[in-house]
Structure formats: C-alpha cells, structure tokens
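For clarity, chains are labelled A, B, C and D in written order, and residue numbers in each chain start from 1.
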C-alpha cells in the first residue's frame, strides 16, 4: 500500500500517518520527493482492518499494491487448477468442453431432443435452467424441481454432465443433489451469502462474471467460494455492460488470457449472453477458443422462435453442428481438442 | 412492439411473422415502406409469452414500445406515492428527509454518539449496517443481530427512524422486526427471490439502483416488490459504473427527474457511495436536493479514519452539520424543507 | 512512480530496473515486502522520456504518482483563475454566468429573437453554432461566416458576449475575429493540433469534456492550451458516455467539485447535451448551480420543434425564464448570484 | 421512424404530429393501441431536415427505423468491398494482411530493423507513426516528414506497403504523398472536417473506431468519407472504453462479425491498443482472426523498454514471429491464409 500525501500536507500530517501505521505493527517507508511525499507500507495489511487511511489529515490518495485475492491468485497456487466434473471429465486440460442446451428447460421433449442433438455434435455437458432469474416478474420463471428431474433424465440417457443455475439458498440443496456443476448467474456474483454457502458444498461451481464486475471483483467472488473450502471453481466470461447498444453486452474476450495470467482457475466463455444475437454467436465461439478458453457455454434450442426465454440468442441444432466443426479445427491448430 | 424486417426478407417471411402474431390473438399492422417493411403489433403482448419474434426468418430487429413495468409506472398511478414510515413521518412530500449514520454499526458508543449528532443537525432517519455486503471475504461483515439491537436503542433514545440492509432471505424476518425501512443494496437489486419475499412484507423498502442497472431495470426490480403486494417502495440513486476512475462511481443525478417522470415512486440519493470521497459529498448532496430528490442517504462517522468500513467517504458530524445548513437554504429556495 | 515487480522476478530483474532508472539520473528506492518487491522513483520523471518500464523483464505493473498535468493543477497555481471575457465580464467569480441560445444559428430572425429573450431573462452570453459538427454528413452543417455575422449583430444590439465553436484550424482566424469565447467541442477535445493553435490565440476558450474523457485527460487537454501560452481556459462538463440509454449522455456533476479540487480553472456545465431531453434540463441546471458551477450553457430555441439541430433538448424562452428564477434563488442560498 | 405518443396526449396533439409530417410530404400511419398511440412514418425522412418531432406537444419518444448510413450499408452494396492497396495487394479477400511495426518512427535504424523482421515473419504492411497524437503536450510528438521519409525507404527496401496516421488537414497532402494507406486515429474519428477532406483523396483509408463510438457512429464516420467520393475505407476495431481498468481499453471483437453484417467494408483489428499489455496481444490476435477479421494492426518494437511510445504494448520481433505461426494455422483452419 502506498500513501500519497497532499501537496499541502504538514509535517504533523505526515507523522500522523506514520504513527498510525506503526501502531498497527506495520513498517512505514517515507519518501520525500521533489513534488510529493509518499509513504510505503510493509507488512501484513490485514492488521489494518478496515482502517481508512484516506480519512487521515493530509492524505491525498491511497494506492493498493497487493491483489486483494489470495487463494484465487497464481502466487497462492502456481500450477493450473483442473476441475473434475464427475469421474470421467475434467475442465482446464487440453480438451475444451462445450456446454450446450436451452436457456430454460421448457418440457421433457424439448430437453431430450436438444440433448441428443448437442451430444451428437460433440457437446459433453448439457446446460438448461430450472430456476430462472428474469428481469420481469411476469416472465417465465422456470420449471423448478421438475426441470431438474428432466435434466437428470437427459444425463442418464445421453451420458452428458449437467450444469444448471442456483439462485437462492433455499433451493441450493436440491440443485446440488441433481446437478454436476452449480452455476452462479451474473446477477448473483456478489450475492455473498449464497457464495459462502456454496463454499461449503462439494460440487464444482461455474461462476459467471457480474454485469459490471471488474476482473478483480470477479476473482474476489471466487475467493469467497475458495476460502469457504470449495476449490472447484470455473470462471465464466459472459459479457459486460458498455455504451454499445447493438449487442446485449460487450463480450470481453481479453478476460480469458488475463484471468489465466492472474489466477490458476480455468475460464470458459458464454457468447450467447455476451452478444444476445444468434448470428454472431458462432464467430465469437471461434474467437473464444482461439483466445484460450477452457470451455464454452452455448444456447441451443430446437425452435428458437418458440423458446420461452432467450430465443433471439439461441442456435438451432443444425447451426450448432456446423459451428462445432470450425471449433474443432481451431482447437487442433492450437494443440487442443474439443 | 414493432418488428423490422430484413432487407432481404421474402413475402413468405413477412406472412410468417403476421401469422405467428395473429395465432397469439394479436393484430398485426403491415407497413411497406420504400426501404423497409415493418410490422406493428396491437394488443396485449403478454399473450406472446417469451416468444422470440427475433428468431423468425427474415426478422432484422424487434423494438418494444410499451414500458415493461406496469405498477411502477405513472400510467398505473398518476398521483405521487407518499411512503409512510412509522406513524409520524412520510417520504415523498415537501419535506426532504435526511438519513444519516455510519456505514456499519461498529459499537454501541459509536452508534449512539453518531445518532445524537445527526439528530441534532436535523436528520430524521438513522442509517447503519448490521449485515454488510463486502467484496472481500476477509473484511468486517457486520455485527448482525447485535447491531440491530443497538439501532433499536438509538431509535428509542433519539426519536429517529432506522433504515438498515437485508442481504439474505434467512435474516429477513429479524431485520423486518427491528427496522423501519428495509434497505436492498445495489448488489441485490436483481436478487429476484429476495425481492419476491420483500413484496410480501409490510414495511417500506429502500431499493438501491444496481451498479450497472438502467433506469428501466431498476423500475422492473421495483415492479417485483409492488406486484408482490408491497406498495411502499422508495428508490435510491447511488451512482453507476462508468469509465471514470477518480470517483468510486458516477452519481447519475439525472435519474432523479427521470424517475419522477416515469414513475410515481419517491426517489432519494446516496452521494456517499456515488462519489466515494467525503470531500465531494456535500456539493453532491446540495445538487441532489436541487435536482428534486425526496431524501438523502449520507454516511457520517465520528472518526472516519478509524471506521471499519467506508471511512473514506464518511463525513464527520461537524461537516455534516455545516452541510445541513446549506441544504436547508436550497430546499427553502425551491419551496421545500428539511 | 512506483514499479511493482512480479512475484517471479529475479534479483537480476530487480537490479535491471534499478540500473535503468539510475541511468536516467533518477533515484530508485527499493522496498522488499513479504509478498512484493516495489521500487519507488524519485526525481523528475520527464527525464525518462516515453521509456516503458513496464516492458522491462520482471515488471508486473507501473503506477504513476504525479498528476501528468502541471499548469492546470492547483500545485502550479493555488488561487482560482478568473477568466476575463471582454472588458466587463469575468468567469470564475461569485457571479454565475448563463450562456444561452440555439444549438445552431439558423437565421437572423431566429437568433435576434432568441438573443432578446435570453437577455431579458438574465443570460449574459449568447451561444449559437456557425460551424456545426454533425454525426451525419447529410445533416445541416451550419451557416459558416454568415452565422458569425448574425452573432456579432446580436452582440451589438443586446449587449451580450458570444461563444461559438471552432472545428477546424482553417476557420480559427475568422472565428477568433468574431467571438468572445472560442468553444472547443467534445469531439475535438483531443484534436491536439487544434489545441496547440488555440494555445497561441489571445481569446478565452471553453473546453468541453470529451465523450469518454476521464477528468485527467480533460485537464491534459487544457494543459495543451495553457502550455501554448493561453491561460484563459474555462472547462465545460457536458455529459459522458455510460450504459444508460434513456438519456443521451450521463451528466457527471461530480466533475464540478472534483475539477475545482484538482485545478484552478473555472468550470461550467452544459445540461442540454448531457441529458438530451428538454424536460430534464431545468432540474439539472439547478443541480449544477448547487454543485458549484461557475456558469451554465443552455440551449434555447423559439420553436424547438422546427429547430435544425438539437430541438429535442432545447428550452423555449418561456421555460428558460421560469428556470432562471429558480437558479437565482439557489445561487443566493449559496452566497452567489446570477 | 415511429413516433410514440405520451399517455396523456390529446387528440389535438396527435393530429398536430400527423399534420406536421404530412406537411413535409410524408405519409403517417396512425395506430391506436389499447395502451399507446403510435404514428409510423413512410417516405423519405430526409425531407424532414433536422425537424425535431420529439419537441412537438404530446410526443413521448421517437424511434428511428432506418439506419442513418446509406453508402456504408449492405443495402447500398451487397457484395463485399475489396480495397486495393497499391497494385499488388488487396484488403478484404481470403488473405488476411498483418500490418506491423513500431508505434512511432523513432530512427532510421529502429524502423529498418523492425521492417526487416516483420517482413520476414510474414507481415505485408509496415505501420509507424510520423505524426503522433499524444495525451500529454510534453510527450514525443513524432518525427514528422523525416519519419515519412524513413517509412518510404523501408517500403523500398523490403517490398512492404506502409500505413501511417494523419492528424491535421495541413499535413494531409504530405502524408498522402508518402503513404499507401492513410490512418485516421481514434481521436479523429469524428473530426468531420478532416473526414471530408479525406473523402476527396485517392488513397485507401484505415478508419479507427472512436474511444467511445457506437458501431453506428463509426459507420457514419465512414459515410463522411464514402459520400465525399473515396470508397476505399477499411474499418479498424481498436478497443472501446469500459469500466474495466486492468486493460487500457476493452477490445470489442464482436464488432468484427457485426460490421460485416451491417456493412460491405472490410474490417481489421488492432489488439495492441485494445489491450495495452503485450502479454495479451497474441491471444487477442488469434481471437481476431478466428472472429473473421480481414487484417491485423500490431505494434512491434526491437526493444520495447526503450520505445518512445507505447512500449508496454509492443511485441518483440521474436514474439511476433511465434505468434504469426499460430495465426497461420488458425487462418488455414477457416479457409483463409496469412
């Protein structure tokens, strides 16, 4: 932590900061520059508690030096985390896993049909929402446990793993009982009580980036889960808010190499939500694989126009299959496979 | 709803859209322009369900015409909602209420001292967090029920109302039992399960705008509460994410007159979180009152440098008192009072 | 400047950075923390030139400490700059100046009528574009020199000063010859060649903030003008880009107190462009005055529906007059006048 | 264009809008819905001039239907534009061109060395700034014509084309005389006078997207050049402003397929400016190729740490060569070549 003193800070102000830091058992390094006096802080910042150095007299600004996340960082763990999903599948290795399926489980027919198609095209994990976060209280809210049942049946029949979202602590036990990967949606990335509970669950977690979360905040959300005891966290980039209105969100693919630089956790990409228009999903899936993603989350619906949610961004099974061919060739060009 | 057909849409595509709309019992108006064919939709859109017209062949874009919120809109209710807080205070009238206090309840002494000071300076409502959402799992998470007890004691002694945050459905009953106004924080604005529960509670709700929520999404969050049966919703602007890094967030004061144009609900402003630096809180409080806010939420701490949270943005009781004088004069200049 | 070394930086890397800094005549302070090694830099950073320390082996990040602007900062000049406009008017004193008029000069009648009205309501400066930056090549581009002539006539008749935009170095001499204040539009805030030329002109400059300019970049643009020799710079906040689509831009009123903290230059606010809808212009003008603005820029048009540009955000003379009454009372409440 | 009337609009208001539209020779279609009255507009909107329908009594909102750009749209030209650069190279075909070189021409040695290296690795076009837009007036501003001379020498020796930026109308003739492609930087995307001049030049133009330009505004900037008579426009995505601070900008790769959907113009990507950190440039180049880019713009410097500008985002020739191998394989996987 670096404390920058204001131009008009007095000697008393400077000594006040130094004393306050030393009282917390930290060492303060004073540098008097031609134009600025700065105070460097050495030691364990945790000793300071929430103490707001910014509020001491004469302080202009405080700049943190250490990343606030520990267990999510590569300093904590140098080798890459490989997340096991069930007994025969891992995320974070040279195989890129494609998680495909409808936004919401709407019916047994819809899901089984889609599951069969995406399996045939090469997906290994089936996605589908049973509990749906909807911005309108009047929109379809999901089939609930019935949806989980249908997902489990599809898993059985087609040998797919399943990933589905949990929104609420009260339904966490039942979602956990059914699913292979628990999904935390973008709106719950900072639902800290939910994160704490999931930290104590023994299932892999797919943690979507918040609508306007910085990469640091996203890794801090992962830290909640890791520090709770669950080390199987998969990060998922799904687009961030920007001023551009043509797309639903702006897919930030640079997050893929950056997260891999800062953290040991695997990272997957969801271009369907990032873009919001199916026409552009395939090129962005290709780009995600080229950027180094460990997996993809793709919405596929047998009849997008009749989908109860997110039809505009869903691929048909036919378009999905065509796309998978391209992805396989790009993965191979980079020494990976799908 | 307006459906814009692609330039290369065929006659069959156009008829496909018209038939699909009519199948849902809606009337479709076809306009063939020189350059574009557009289809207007008349009737109750709810009949369409989640149906994604965008996914029909030949459709370029779908533009909604109606606001998606109903009960939050001024069409639903033309006169302004006045929210009663206890028996002797209302929000949304010509009196502007100032809700002041520390970010978090840290101790009995801290809270009672602050309560006395802000009361003396003219605040009518005491703020203070007992359950705190923190971006780091290692930061102070609040005193919990003990904090609620201290808030209740301060209410008793100083005749203030209290506002405090709920983060979790499990603690909703206890927070409701103690508080006069339930606060929903920015990170929970789209915690839909929590919103649904609060819709069934008989206490006023202060609903903060999400970090990157549009005004429409914010009103849709209010709609969740209103449609659940709780009509006492107070909206709170608290800054949105932008590219500017000097401030913690960008306080969007234009939201005040806009919300009052679109909705009948009262709106208050929290400049402390919006700006994040105490030096700029007073000018932005003045601006909020001038823009027409029905209240303010201000962080005040007896010793900001020692605060366990948000010290950098807290006013001292002395600065708070000075500010209140300015606010009173501005309110009076506009025919209101504080 | 603080250099943060990567966790895996070698001793050789660290010495490499230190040597490179010392070769430039700077003193390097090495701090080896438990978790990070950081290197502080003392001396005149200008000696480094564009030298990219980030690109040296083992460097994780470089954090600047000094503000990059000099002449625009309060360290350079502690007292507030008061900009004289002609012989009898200054900007930056306790009098708040309102600059009002149409987006574009459309005709002699339109301008003279508007000038008379805004003068009567209390404006002291007339705004009106003769050269117009338009996002479409097919939109009205302004009357050019004829427009400047009309502005000059209005100045003569009504005793107003005038402010008008320059877009191009080729028309700078003629705009300078006519106007009292040269306006630099938001799209030209980083037109560095234009800024350099204006640095050599002997007329006050109104420098609008760029659409997505940080406060620091805005002050750096002012630095171009100041370092060229022209010290009469007035800053103008006019809204920044955010994700919110209801308004044209998000008016960042916190920029007013922040700029006054960081710089000695006066700052005015243009809510018409910030909001883009006339209904919300008056509340935001009130808020700007309450936040401490030294002036306002307001679009007024005798018949907004027939305006050739920006009609949707223009006030009628009647609405303008009503607003001025409110502004006068708020200014008085804060010890200023309009 | 669709006009949405306010809920409280009177019959007189509605007729007022209809009459005003008909007076301009347009046909108005009135639809009275259960909840809203909307008025559709058929005919050539250009007849309306700048006329602000929003400002008519009773109008709530006006929604444009037609894209404001004409010549840049695919309706205007269905087949893809292929831009010839000199006599033996085209941009927009199955060959992807890599434009590589330093941010700024610093010396003859630096440029010739870099040119030789990037040529050997497969680049076909040499980039390098002679006139540099710098946010600080104290930073290196480029070598000017001397830099152009050096670029020309490199072209001669290594058989490369050259691309370099123009900032100012006064230097446009000389830049045009030397370069093969004129670059318009992000800060000049809406320097409309410069765009108009370039519309009359007979050289290909590389038009960078503005820092906070929507895709529509970017295509409107292209429209300025196209409507001036120069049809050889290459669009360049280079990152947009978002709230994320880890990267210099957020590279919006979805712009690649979107621009190709909306327009016939070729599009290239500049990940160096988009990301601002060399470590992440290679993955984003790979992603850009996979997304369908027609070319890349990459900063390469023999000694990034000593670069006079943008060293932190420059690749060494060695890293550039490694990257080119990956790009070739991805291009081949998609039926293209580099």
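Some notes on this structure:
The rule is simple: a contact is a pair of C-beta atoms (placed from the backbone, for glycine too) under 8 Å apart; a residue touches a chain by one contact, two chains touch by 3 or more.
Since the model is a prediction, treat every value here as computed from it, not as a measurement.
Relative to chain B, the most remote chain by averaged C-alpha coordinates is D. Overlaying the C-alpha trace of chain A on that of chain D calls for a turn of 180°, given as a multiple of 5.
Between B-D and B-C, more C-beta contact pairs join the chains of B-C. Chain centres here are Cα means. That of chain B falls 31 Å from that of chain C.
One inter-chain figure worth recording: chain B and chain D are separated by 38 Å, centre to centre, where each centre is the mean of the chain's CA atoms. For chain D, residues touching at least two other chains, in rising order: 212, 241-243, 245.
Residues of chain B touching chain D in their complex: 2, 4, 7, 29, 31, 33-36, 38, 40, 42-44, 63, 65-66, 74-75, 212, 241-243, 245.
Against chain D, in their complex, chain A makes its touches with residues 212, 214-216, 240-247, 250-254, 256-258, 261, 274-275, 279-280, 283-284, 286-292, 326, 329-330, 332-334. Put simply, chain C touches chain D in their complex at residues 20, 46, 49-56, 62, 68, 133-140, 167-170, 187-188, 190-193, 196, 210-212, 217, 220, 223-224, 227-228, 241, 277-278, 304-312, 314.
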